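Each structure below appears as C-alpha cells.
Look for subunit A in each of the two complexes below; its partner is subunit B in the first and subunit C in the second.
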Partner chain A sequence: MRILTWLPGRLLGAAVVLVGASALIFAAVRFLPGDYAQIVLGPLASAQEREALRTEFGFDRTVGEQYLLWLGQAVTGNFGHSLASGQPVAGELAARLPVTALLTAMAVVWTVVIGVPLGILAGTRTGTTRSTAAGRLVSSLGVSVPDYVLAAVVVFALSSLPLGPSVGAVGAPAQDLGGTLLALLPPSLVLAVFTIAATARATRDAVLNVLVEPHVSAAVARGETRLFIITHHVLRNAAVPVLTLTGTITAMLLGGAVIVESVFDVSGLGSYLVQGLGRRDYPVIQTCVLLATTVFVLMSLIVDVVTGLLDPRVAVSGRSR
Partner chain B sequence: MTKRLAVASTALVLLVPLAACGADPGPAADPAAEEEPGYLAVADTSLEGTGTLRVHLDYDTAEAAGLDPRSADVARSWSLMGLSYDTLVEVGPDFEFLPSLAESWRTPDPTTYVFTLRDDAVFSNGRPMTARDVRRSLEHLLESESTWAAQLGPVESVEETGEHEVTVRLEHPHTAFLGALANTPAGILPMEEVDGGSVDLTAEMVGTGPYVATEHIQDESWTFEVNEHYWGEPPAVERLEISIVADEFNRAAALRDGSADFAYFNNIDTLDQLEAEPAARVVFQENTDFYYLILNSANPGSPLADDRVRFAVNAAVDRNQLSELALGGHARPTGVAPATLPDACPAGELPSALLDDDEIAEILEEAGVTEVELSLVTFNSETAPGQIAQVVQQQLAGHGLSVDIDIVDDASFGAALYSGSTATDDMGVSWYAGYGDASMVSRWWNTDTAAFTADFMVGDPAVNDLVVQAGRTPRGPEREAVIADLCAAVDERSEVVPLVTRPSVIGYRTDAVSPTLHSVEGYGDILRNITDFRLVSS
Partner chain C sequence: MKDTATESTTRPRNPVRGALASFDALTLTCAGVLALLTLAAVAGPLAGVGGDPTAIVGPRLAPPSAEYPLGTDSLGRSLLPRVIEGVGTTLVVSAVAVLCTAVISTAGGIVAGYHGGAVNGVVMRIGDVLYAFPAIILAILVASVVGPGRTAALVSIVLVTVPLMTRMVGAAARLVCVRDYVTAARISGVSAPRIMVRHVLTNVSGTVAVQTTYALSVAILVEGGLSFLGYGVQLPASSLGLLIQEGTVYMVKAPWALLAPSVILVLAIVAINVIGDSLRDRFEPRKARSL
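== the complex of A and B ==
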C-alpha cells in the first residue's frame, strides 16, 4: 500500500493545478477580443446599449471580482447561466456530456482494441520489410492527416452513399443507446485514427525495447513459445509507456472532439464550446475548458496510480520526489 | 473561414472520383431561373401531402431580449419569430405591399395611414386580436427605442379609430413606413396579456401566425406545430423541425443524404456542390443585402483620412470583377440603393466607375500616396467576405496599394470596427441588410442618426440631408432623382463603399417538398411563404 503514501500529495497537487488553471482560463477568456454584448447586439447597437448589457451581466466589475464570484459558485456546482440561452450551464452541460463521453469512450476502445494489437504485431514482425514499410506508412498517415480533413471526407462519402444520415443524427444516449452508438460510429473512428496510430507506434517501440531485454532472451533460450513470451514477458513490461501515452491521448481526445463534433454536427461538449467561443459566452467557455482540464488532470492521476500498481519502482520514485 | 474552406476543398478534391461514379444527372437547371415572374419556385398545389418539413438553418436566434421580436436584429430571428407573429402588411415579390393582418389600408394624406384589420385573426392562446393589440403593439415597439423602432419612422400617434381600424399619423412623410411594418419586429403582439403580465415576450411567442413553437434547444433545434387558431388556410406543413447546423458543408451533406428537406446556404459554391444531386434542387436567391467596404475616414493617422485617397481606392475596386471572382458572377454591383430594389441607382454610372487607371494614379500621386500598406479586417463566419477581401487586395495591388488582410471571428471583427472608439484598421468588409425600401439601408450613411458608424466615418452633412430627403420623398421620379444624388454623394465620400449584392442559395429535396420562393428577398426570410409550401407525401 505504498501508493497511499504518495497519493495525497498528488491529489493536493491536482487541486492546486485546477485552481491555477481556472484562474488562467478565466483571464484568457477575458482577453479575447470582442465580447457577448458585441455579438448579441450586433454592429447597429449604440455604445450605451452595449454598456447597459455589460452591466446587466456584471461585466462592469473587475476581473478579480468576477473570478472570485464565479469560483465561489463553481465549487458548489453552480457554473452560472449561459448568456445566450439564459439556462444554467451545468444543466446544458449535463445534457451534452453523455454524448461526448460516449464518443470519447468509443474512441478509447478503438484505440486500445486496434492500436495495441497493431503495435504488438509491428513490434514482433520487424524482420519483414514489406510489413514494416506498410506499418510505418499507415501510422504516419494516421498521425499526420488532420481530423477535420478526414471527418469532412467521411461526411461527404457517407452523405453520397445511401447509408442514412451522415450528420446530425446523434440523439440522447438515454433515449436510444443503440441508435446513438450507431450514429457515433463514424465520428468515433475518425476521432480515434490519430490515437490508434500513436498508440500503435508507442506499443511497437515499447515491445521492441522489451524484446532485447536479457530476460526475454533467457525465455527464448528456455524454449518458451512466442505467444507465452509476448503475453508473460513483453506485454507487462511494455505496458507502462503504452499506458502513459494512452492516458494522455485519452484526455487529448476531448480536444479532438471539438473538431469532430463540429464536422459531424454532434451536439456534445465540443460543439457547445465552439458555440460559446463564437458568442463570447464566458460561463460556457470557462466551464467547458475547466471540465476538459479536470479530465486531463484526473487521467494523469489515474495513469500515475495504475502505473504505480503495475511497476512499484515508479511509486517508490514518486515518493522519493 | 480558412478551416471551412480547407474542409470543403479537401473533401471535394479527394472525392472527385467518388462523385464521378454517380449517375449523370444531366444538364443542371439554371439556379436563377424563375418559375413565374418574381418567383424562383411556386408550390405545386396538386400535391396533397401533409406532415413534417425538416429545415436546416445556419444559426439560431440569440437576441439580448430573448424572443421579443421588437429588438430582433438578424434575419434568422425574423424568420423564426415570423412563424408565430404576423405583421399588418407583408412584402410581395416585387416589393409591393400586400395585406396580412390589415386586410386593407388607405392613405388620405402622405402622413396618415388608416388600416382596416381582419376580424378573424386569433392569437395562439385563443383570444381574438383587437385594434387595441395593434395600437399597443406599435406603441410598444416605439417605446423600445430599438433599431426597428427607428425604421418605423416619425410616428406621431397611433389611434384605435374603429372596432377593426387603427390610424397611424406621422410627423412627416416616411416612404419606408410600410416597409418597416412588413418585417417581424413590427409583429402584432398579444398586448392585453403582455400589459397584464401573463405573457413574457422574452420567453414565449404568442402570435396570430401559422405556427406555435413547442420546443427550443438553443443553437440546436426548434419544433413548431400548426397554430390551431390560425386565420389562414391550414398549412400543408403541419410540423416544422428546424435544426441549427452551423457548418455549410454539413447542411449540404444533410440535403444530400435526405436528413434535411430544405436548407439555407450562404456560400455560392454550394450551387456547384449540390447540382449533381438528382433529388435536390438548388436555387440562387438574390437579396437586397449588400457587401460594403469600409474606408476608415475617422482615423487621422490613416492615409484614408484623405478624401482623395478614399475616392481613388473606391475607384480602383472593380465591382464586376469582384462579383465574378468572389461570388461566381451571381452578385450585382450596387450603390447605396440596393441594385435588387425598384429605386436602385446603376453602379456603372457612379462617379468612381467613370475613372480610368491613369486618373486613379493621378489622384494618388497628387495625394502623395505611393507604396502604402493598408490593413483590412473581415470576419470568418461566412466565406464571401474573406474572398471579397482577397479580390480587393489584388485590385488595389494593381495601383501600388498593399493590403494586409486579417480574417477574424465575429466578436473580434466587432471589436475592431464597432467598439465605440475610433477604429485603427484602415478598411473592413462586411454587409448590410437591404430591407424592402431603398431609403431603409441608406440610414446607415446618416452620421447624425447612425451613431455606430462614428468609429470609422466622419460623415458629411450633405449626405445626411440626402438620406433624410430619400426617406421623406414619395416614390416616383422625384425620389429617383434624390436617390441618384444620394448614391453619387456616398460614392464620392467613399467612407463606406457599397460593393455588390449578397446572394444566397436555397436547397430543397424535390422528393419531399415543393416550396414557394421569391426571386429576391429583402429581409432574409427564407420561410416567408411557408404556408404555401406543399409536401410531396404524408
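== the complex of A and C ==
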C-alpha cells in the first residue's frame, strides 16, 4: 500500500505537534503569576490547607512529573474540577459538546452548499473588468467583516423584529432538537459568512489553477461539453484544496466559535472558555484550549489522509523533497 | 478605468505615476482609504479634532449632531476623538506586531528554506504547534498569562500570524534555493548569510510583501476580537475593538456608537485585503484563462 510509506511520518508529526501544544498550554497555566493554592482556597486559608492542596495537586513534584501527570489524566478524560462550580470539567464539557458540534455542522453545511458553487461560478465565468472588481470587493467583504461586528448587528436586527427572544436559551439539543436548530440558525449563518467567502475564494483559485492544465485544453479540443468538463475534469482536481480548507474550517469551529457563541449566548465550548476566563477558572481554560488544539490536529491529520488517498501526487510531493 | 495591459505597453515617463498606473482603480482607492485613516489617526489628535477624547463633554448617548459629529458614548464623551484615537491605537498595535512577524517569519522562513532537512523540520514543526491553536483562543491564552492590555494584543498577533507567514516564506525560499544561481553562488564560495540576503531574500520579497499585507488584516481582526472580549487594549485608552464592544452594549439606544467604529474597522480590513490580493496577482501571477 502506498499510504504506508507516508502515514507513519504524518502520525509522528501530529504526535509531536500535540505534545508541543499540550506542553505550551501546561506551561502557560503552570507559570501564571500567583499561588495556585491561594487562587483556589482564597486568601483566608491556613498554611496546612494550602500544603494539603499542593500535595493533592502534586505541586511538590518536579515540573516534568506534573506535566506527565496532567497529560495522563487528560488522556483518560479526567480534566479536574472547575474552580468556580466545583463540578468535574469533563461533565460540564459533555453537556456543551453537542451544542458546538451542531453549530459547527450547520455552519459547514452552509459553507459547502453555498461557498463551493459560488467559487465554481466565479472561477469558470471570467467577466468584464467591472464585474470582476465587484466580485473582488464582495468576496473581500465576506472575509473582512469580523464575526463580532456581524453577530452584534444580527442580534440587533433580530431583537427589533417581533420573533420572540433573539438570544439566550440555546442548549440541550437532546430535549428540543427543533428548537435548538432554530435558535442556532442565526449564529450558524453569522459563522458561515466568513467561511463561505473563504471557501468561495479558495474554490475559485483552485478552479482557475486547473483550467490552465493541458488536459482541460485537450477536453475542449475533443469538443466535450462545458458542464462535462467542469464536473469531470475541473472539480475532481479542484477538490483537494477545497477539501483541505473545509476540514480546517470544521476544526476551527469545533474548537469553539468563541465570540459568536458568547454574543448569541450559545452554551457551547467557546462560551465555556470565555466564562472560564472571566472567572480565572484555570482547569476550564486549560481543558478548552487543549481540546480545541487536539481537535484541530486530528482534523488536519484526517484531511491529510483523505487528500492523500484522493490524490496520490499530494502525498508524494509532501514526502520527497 | 483604463485597461492595465495597454497601460504597461505605453510606458509613462514619470516612474511614480507609472507604478501607480500599473495598479487598478479599486486597489488605488483602497490605498487611498488606508492613507486617509492613517492621516486621521496622526493628524486628528495633533489638531485636536473633536476635542479631548477622555473629557466628558455632553449628554450621554447623544445622537450625531454638529457639535458631536459621531454622537456621544455612555459617559457623555464625544465619539469622534475617541474613534480617531481608536484608529490610531489599532493601527499602531497591528503595525508594530506585523513588523515583528515580518522580521521573524522572513528570517525563519529563509533559514529553514536554505538549510532544508532537519532545520526546516524543526522550524516548521514549531510553526505547526502554534498553528494548532485557533487564533482567538491563542490570543486568549496569551492574555490570561501576560494579563490584558496592549502587550497581550501585540504578543497574540505575532503568535497568530507568524506560523502561516513562516510557512509561506519558507516554501518560496525553498523554490529559490534550488535555482542554479544559488548553487553557482555556493560553489564559488559565497558565505551562507550573504547568499540568504543577496539571493534568497531579494527573490522572496514579493511573497514577504503579500504575506505582510494579509498579516496586517489578521492583526486588525485579532486586536479587535481580543479588545471585544475585554482582554486587549484597556480603558481609558481606546481601540476600534474596544469601541465596538462598548457600542454593542448600548446598540439599541445608540446604534451610531456601534456603527462608526465597525464601519471603519471593516473598511480598513477590506482595503488591506484588496491590496493584498492585487499584490499577490502581481508577484505570484497565474495564467488565468476562461473556459
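Note that in this section the second predicted complex is superposed on the first by the 265 of 321 C-alpha atoms of A that agree within 3 Å, B and C clash if a C-alpha of one lies under 4 Å from a C-alpha of the other, contacts with A are read in each partner's own complex, and residues count from 1 in each chain.
The rule we apply is simple: contacts are C-beta pairs under 8 Å (C-beta built on N, C-alpha and C of every residue); 3 or more make two chains touch, one makes a residue touch a chain.
On a predicted model such as this, the values are computed, not experimentally measured, just so you know.
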Contacts of A:Leu158 with subunit B and subunit C, given as first, second, both or neither: first
Partner chain in contact with A:Thr293 - subunit B first, subunit C second, else both or neither: second
Subunit B versus subunit C as contact partner of A:Ile230, first or second or both or neither: second
Partner chain in contact with A:Thr76 - subunit B first, subunit C second, else both or neither: neither
Partner chain(s) touched by A:Ser262 [first = subunit B, second = subunit C, both, neither]: both
Which of subunit B and subunit C A:Met252 touches, first, second, both or neither: second
Subunit B versus subunit C as contact partner of A:Tyr148, first or second or both or neither: both
Contacts of A:Gly13 with subunit B and subunit C, given as first, second, both or neither: second
Footprint overlap on subunit A, where subunit B in one structure and subunit C in the other make contact: 32, 148-149, 152-153, 155-156, 159-160, 262-263, 274, 277, 280
Subunit A residues within the subunit B interface of the complex: 32-35, 37-47, 50, 53, 82, 84-87, 92, 148-149, 151-153, 155-160, 162-169, 262-265, 267, 274-275, 277-280
Subunit C - residues contacting subunit A, complex: 1, 3, 24-26, 116, 125-126, 128-129, 132-134, 136-137, 140-141, 143-145, 174, 217, 221, 224-225, 228-229, 231, 241, 244-245, 247-248, 251-252, 255, 258, 262, 265-266, 269-270, 273-274, 277, 286-291
Residues on subunit A engaged by subunit C in the complex (per definition of touch): 13, 16-18, 20-21, 24-25, 28-29, 31-32, 124-126, 129, 133, 136-137, 140-141, 143-149, 152-153, 155-156, 159-160, 205, 208-209, 211-212, 216, 220, 226, 229-230, 234, 252, 255-256, 258-259, 262-263, 273-274, 277, 280, 285, 288-289, 292-293, 296-297, 300, 321
Subunit B residues within the subunit A interface of the complex: 3, 6-8, 10-12, 14-15, 18-19, 22, 62-64, 66, 73-74, 147, 217-220, 243, 245-247, 249-250, 252-254, 256-259, 381, 408-420, 430, 444, 450-452
